[in-house]
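Each structure below is given as structure tokens.
Paired with chain B in one complex and with chain C in the other, chain A is shared by the two complexes that follow.
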Partner chain A sequence: MSISAAVIRRLAVFLATLLIASLIIFTLVQALPGNVAQATLGMGATPEAVAELSRRWGLDQPFINRYWDWLFALIQGDLGHSYATGLGVGQQLAPRLGVTAWLLVWSLPIACAVALPLGMMAAMWRRRRRGFVVNAITQVGFAVPVFFAGSILVIVFALKLGWLPANGYVSITSSPAAWASHLLLPVATIAIVQACFFARYVRSSFIDVMVEDYYRTARAIGWTRWRGLIRHGLRNAATSLLTVVGLQVANLLVGAILVEKVFVLPGLGSLLMSAVAAHDLAVVQVIVMLLVAVVLLINLLVDIAYLLVDPRLAGRAGGGL
Partner chain B sequence: MVSAKRLIGATAVLLTWTLSLTACSVGGHDSDSDLVVGVTLEPPTLDLTMSDAAGIPQVLLYNVYETLVRMGDDGEIEPLLATSYELLDDGLTYQFDLDPEARFTSGTVVDAAAVKASIDLMSQGTSKLVTAAMEQIESVSVVDADTVAIRLKQPSNFWLYSMTSTPGVIFDPAINDLANTPMGSGPYTVESWTKGDRITLMRNDSYWAAQPQFKQVSFRYIPDPNAMVSAMLSGGIDVMAEMTSPDALGQFDDANRFTISSGTTNGEIVMGFNHDRPALQDLRVRQAIAYAIDRQALVDATWGGQGQVIGSMSVPTDPYYQDLTGIYPYDPAKARTLLASAGVADLQLALRIPITPYGGPAANDIATHLAEVGITVTVEELDFSSRWLPEVYTDGDYDMTIVAHVEARDIVNFANPDYYWHYRNPEFADLIDQADHGSSGDFVPTMEQAARLLADDAAAEFLFVFPNLVVCRSGIIGIPRNATSLSFDVSRISAA
Partner chain C sequence: MKRFTLICGLVMSVIVLLAGVVSLLWTPYPPQAVSAANRYQNPGPTHWLGTDALGMDTASRLMVGAQTTLMVGVLAVAIAAVVGVPFGVFIGLGHRGLGQVVARASDILYALPAVLLAILLAASIGASIWTATIAIGVATVPVFIRMSRAATITVMEQEYILAAELSGASRLAIARRHVLPNIAPMLGVQAAASFSMAILAEAGLSYLGLSAPATVPTWGGMLRDASVFVSPWQVLIPGLAIVWAVLAFNLLGDGMRDYLDPRLSEAR
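So, the complex of A and B:
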């Protein structure tokens, strides 16, 4: 099978998965207890008012009709309207997306950049005390919950030292310096936890290299361990890091939602939280759909990247890596 | 080895550099002209005719929009756009004399025609608060440019009071986008709204009355209590308008940095009974529950001792407030006797509450106290919109629940048998009716009688008044001690 056929095959699987996901999401979200009309009208709502609002919003239509209308609009790029605010979901989503994107765009590369040397040190010194220390740090760092790590950073850098703001957000256009200072702690929170996680994969992939013949040969001809690891191990580690990053996207997004809560950032996570609280299903289902689509898309890209790196994979059936 | 050291060194340098670069911009606002207020609930929309969400009047009322008459700090009705008002001899018509100086931010005169147009606009609203006030209006007539007469369908002593709040807002006749672009006559205008973050108000430099000090005021929405405390401690906000974690008050002890003010609100925290339940229809059982609960101990244990105990559905700033806390003093022995005489043994009650910061601790405290007199209470915490509203509020599937009733003068809800308590007491309903429709001179004594009746009847367990706990940066003054309206009025705040 050619590479292009394999790519098309994976693309088809991607689209089919997305379609199934949309049905599952819509079903689950609609099955949530409660009623958005009731939630919007709040205490003091009469049953007639709730019924009227439900009718106006089409909530009394059969399930399959509502699903079909939603899906059809979604395919055409119409994300629908929020019940609670009356605003377009896309209009609400766009500014939030930017904040979450900044978080990920900064924390992911920083996490990788920290994880590589950290993992390398842990591998290199794995039989020494300092290697053990590095290993222990990554173990602890990964075990710490995101909100706890974030709270510690707030206490140290915002409350004790007073160097950085405790929470909040300023857009890059209104003040780049304030924007950076408000993002630093949340980005550091995600980066620290993720770096510790990645470092463990990097360590084992470097250790894999250290038992290979070519590494022993490199050492035999007089290369230092660092040189051997960098020349032979880095590519190996990078591939395994890529896999883990792909698999971690879902966790990263969840981490970003928690971090947004700790640092009161107006991102996707806080929109999801407030939409759930207001029972604003039109917003909830689009955000969940978006998160699923992002995760699937990243995995698709990783799959395709593998195909390009290792064409032997194109011959395998299925293609579910 | 060199490369590893170099890497660590470079990282350290980079980190220090970034920190030093950003350190100078902490706080991020000019404290002489800007004020940042931390609040918890972001409004879903700015259209106050559509939604009763408390976040809307909190930011807009008296700041952006003004009313004919306003609520004073002591719970008295004060003039605002109207310099004076009188109830005409027919007992139905309120005549307001508008301040001839009053202008909308756009420069348009606030005249009788604008008042009439505002009432027309309000009448199309869906907010329960607004429709309740509008439904009582028979007609609005323009007497002359500065005089407007509003005639009611029947005499009402509650109506004028309700007009101090959202229903009484006077809109600029040019308004066309209530949800996004409020246009009023207040000292501030809405400059911007970053959803999920803040609403920024800008001073209206052509304001018709006294100019406020701060040029720019931001309401920052911080739902998480810990984040709110951190923001206040680190200088990210100047005022913490709502303290939802009284346990953290100790962190603001430093009087050189912070000022704490504690007053009352219109919020009664009430443990309501489902009067459809046979056991709770017995007065002796309700009295037993009242005797079994030590309310002061409950406030101390659950809300840091902040919050005044009350004995009925009334707060200290109500004109008809009286201290009724002595009717059922803490007396577990009496509670046991009453339960025995009611013939209920092994009473089991479901206390199903919405999740709130005060509800859980209060419910557990109550469960412990009731267990001491032989009542088994099962506490269940429910998500407000997805479970509490449909199950408890609508379907009445509960024995007891704990809710803060934050609207002013919401004692009238007890006169409505369809309200979720299902409280049916014709005598009480008659008193409310008399108080509302009778002469204004009889209003206070009749309301006092109604509040006492409610307390005697142990119609609910009235726990305490939600405190108005405000922490601000020291030097900031002008924040009223008591919150008598739904507005957080920033126009009178100044920095010494």
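So, the complex of A and C:
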């Protein structure tokens, strides 16, 4: 199979997966349709008012019709209206997107940049005490819940040292310096926890290279360990890092939701949580759909990146087991 | 070194288990005893780990919180194993059509991790300890499918399987008599690792208020109710409890793996 055919095949699988995911999300969220109008209007509402609202929102339609209507509107860019506030979901979403996007755009590369040297050191010193220490740090680090890590950073850097603000958000347009200082701790929180997770994979991929004959040969002809690891091991580590990033995107988004709560950031996660509290299903389903689409899209890109690195994969089905 | 990991994990896990079991019979103070005069006490001789915003004893609530942590973990891993292992074994035995379907389903579940599933359930039917457990369990199913599939394929390459096939044993008989007993130790290792991930997920959900109701003490809930500005101790203590439990079962899993199969050890 040629590479372009393989890319098209993966694209088709991506779209089909997205479609099924949308059906699952809609089914789960809309399991109890009648109650939405009732819940919105309150218990004192007359049955006529509830019926009127149900009709206006199309809640009296059969399930499958409502699903198609929602999906087609979504494809055309109409995200629907909030059940709680009546505002357009897109309108509510727009100012939130940037916050969450900044969080992820900064924390992912930083996590990778920290994980590479960390994993490399753990691999290089794996039989020594230093390696054991690095390994222990990553093992503990990845047992720390991201919201607890955030609290620790707040205690140290905001309360004890007073270097950075403890919470809140300032947009980049109003003050770039304040924006950076407010984002620094949340980004560091996600990056540190993810880096510890990534580092374990980086470590074992470096070890995979270190037991190979070509690495031993490189050492025998006088290469230093650093040179051998960078020339031979880095490519291997980078590919395995790519895999883990694909697998971790979903957890990264969940981490962002939690971190937004810790630092009171007005992002997608906090909108999602307030929508859940208000039973605002229209907002919940769109945000979850958006998050799922992002995860699937990044995995598609990782898959395609793989194909470009290793064309032999073109013959195999993408993703999955 | 190998024994060290296993023993560390075992001791740490048993402590969590003991805390939960003992709390059924005894806690230093009643976990719900509100005391306005004793709010935000630091750890000391009367309240070992201090008190929270309502003057409730943190040590007692921590012990009771272990119950939720353990129960959600056990049930979620059980759901994942009961659903995932049969699928994994049958795909491993060579059921290709099923493999394709399950691979696609796993893709979707990868994009819908436990917390997002729990959010969907919470939005439609309301958050509870059950929605949290089901969400974590379902999200863990692909892990068990993948693991039991890989383990089954390894077993199926053995010559005694060929002998069993030639002597006319059915697929089901091979699965039951040869595959399951052989992959059971690996499943134990996976269960410990998944258990620690379930603890982490449950903590996140109770932190977001998507698990047990606010009246039930949970570690995540204690962290949510505490404030770093008023009493850092009340943030640190439940947080460290979560780290302890996650680390305990991680080490237990790693230790079991190294003990059962030294070839898989990371410290080659």
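We take it that the second predicted complex is superposed on the first by the 297 of 321 C-alpha atoms of A that agree within 3 Å, B and C clash if a C-alpha of one lies under 4 Å from a C-alpha of the other, contacts with A are read in each partner's own complex, and residues count from 1 in each chain.
Methods note: a residue touches a chain if its C-beta (ideal position, glycine included) is under 8 Å from a C-beta of that chain, and two chains touch if they have at least 3 such contacts.
Because the structure is a prediction, the values reported are computed rather than measured.
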Touching partner for A:Trp163 - first (chain B), second (chain C), both, neither: first
Which superposed partner A:Gln139 touches (first chain B, second chain C, both, neither): second
Which of chain B and chain C A:Arg10 touches, first, second, both or neither: neither
Which of chain B and chain C A:Arg126 touches, first, second, both or neither: second
Chain B versus chain C as contact partner of A:Val154, first or second or both or neither: both
Partner chain in contact with A:Pro117 - chain B first, chain C second, else both or neither: first
Partner chain(s) touched by A:His232 [first = chain B, second = chain C, both, neither]: neither
Partner chain in contact with A:Thr85 - chain B first, chain C second, else both or neither: first
Doubly contacted chain A residues - partners chain C and chain B: 32, 151, 154, 159, 166, 261, 277, 279
Chain B residues within the chain A interface of the complex: 1, 3-4, 7-8, 11, 18-19, 21-28, 42, 44-45, 51-53, 126, 128, 179, 194-197, 220-224, 226-227, 230-231, 233-236, 383-387, 389-390, 393-394, 420
Footprint of chain A on chain C - complex, ascending: 91, 99-100, 102-104, 106-108, 110-113, 115-117, 119-125, 127, 145-146, 149, 196, 200, 203-204, 207-210, 220, 223, 228-229, 232, 235-236, 239, 242-243, 246-247, 250-251, 266-268
Parts of chain A lying in touch with chain B, wherever the complex brings them together: 32-35, 38-45, 47, 49, 84-86, 92, 95-96, 114, 117, 121, 151, 154, 158-159, 162-171, 175, 177-178, 180-182, 184, 226, 230, 261-267, 270-271, 274, 277-279
Contact footprint of chain C on chain A as seen in their complex: 13, 16-17, 20-21, 24-25, 28-32, 126-127, 139-140, 143-148, 151-152, 154-155, 159, 166, 203-204, 207, 211, 247, 250-251, 253-254, 257-258, 261, 272-273, 275-277, 279-281, 284-285, 288, 291-292, 295-296, 299, 317, 319-321
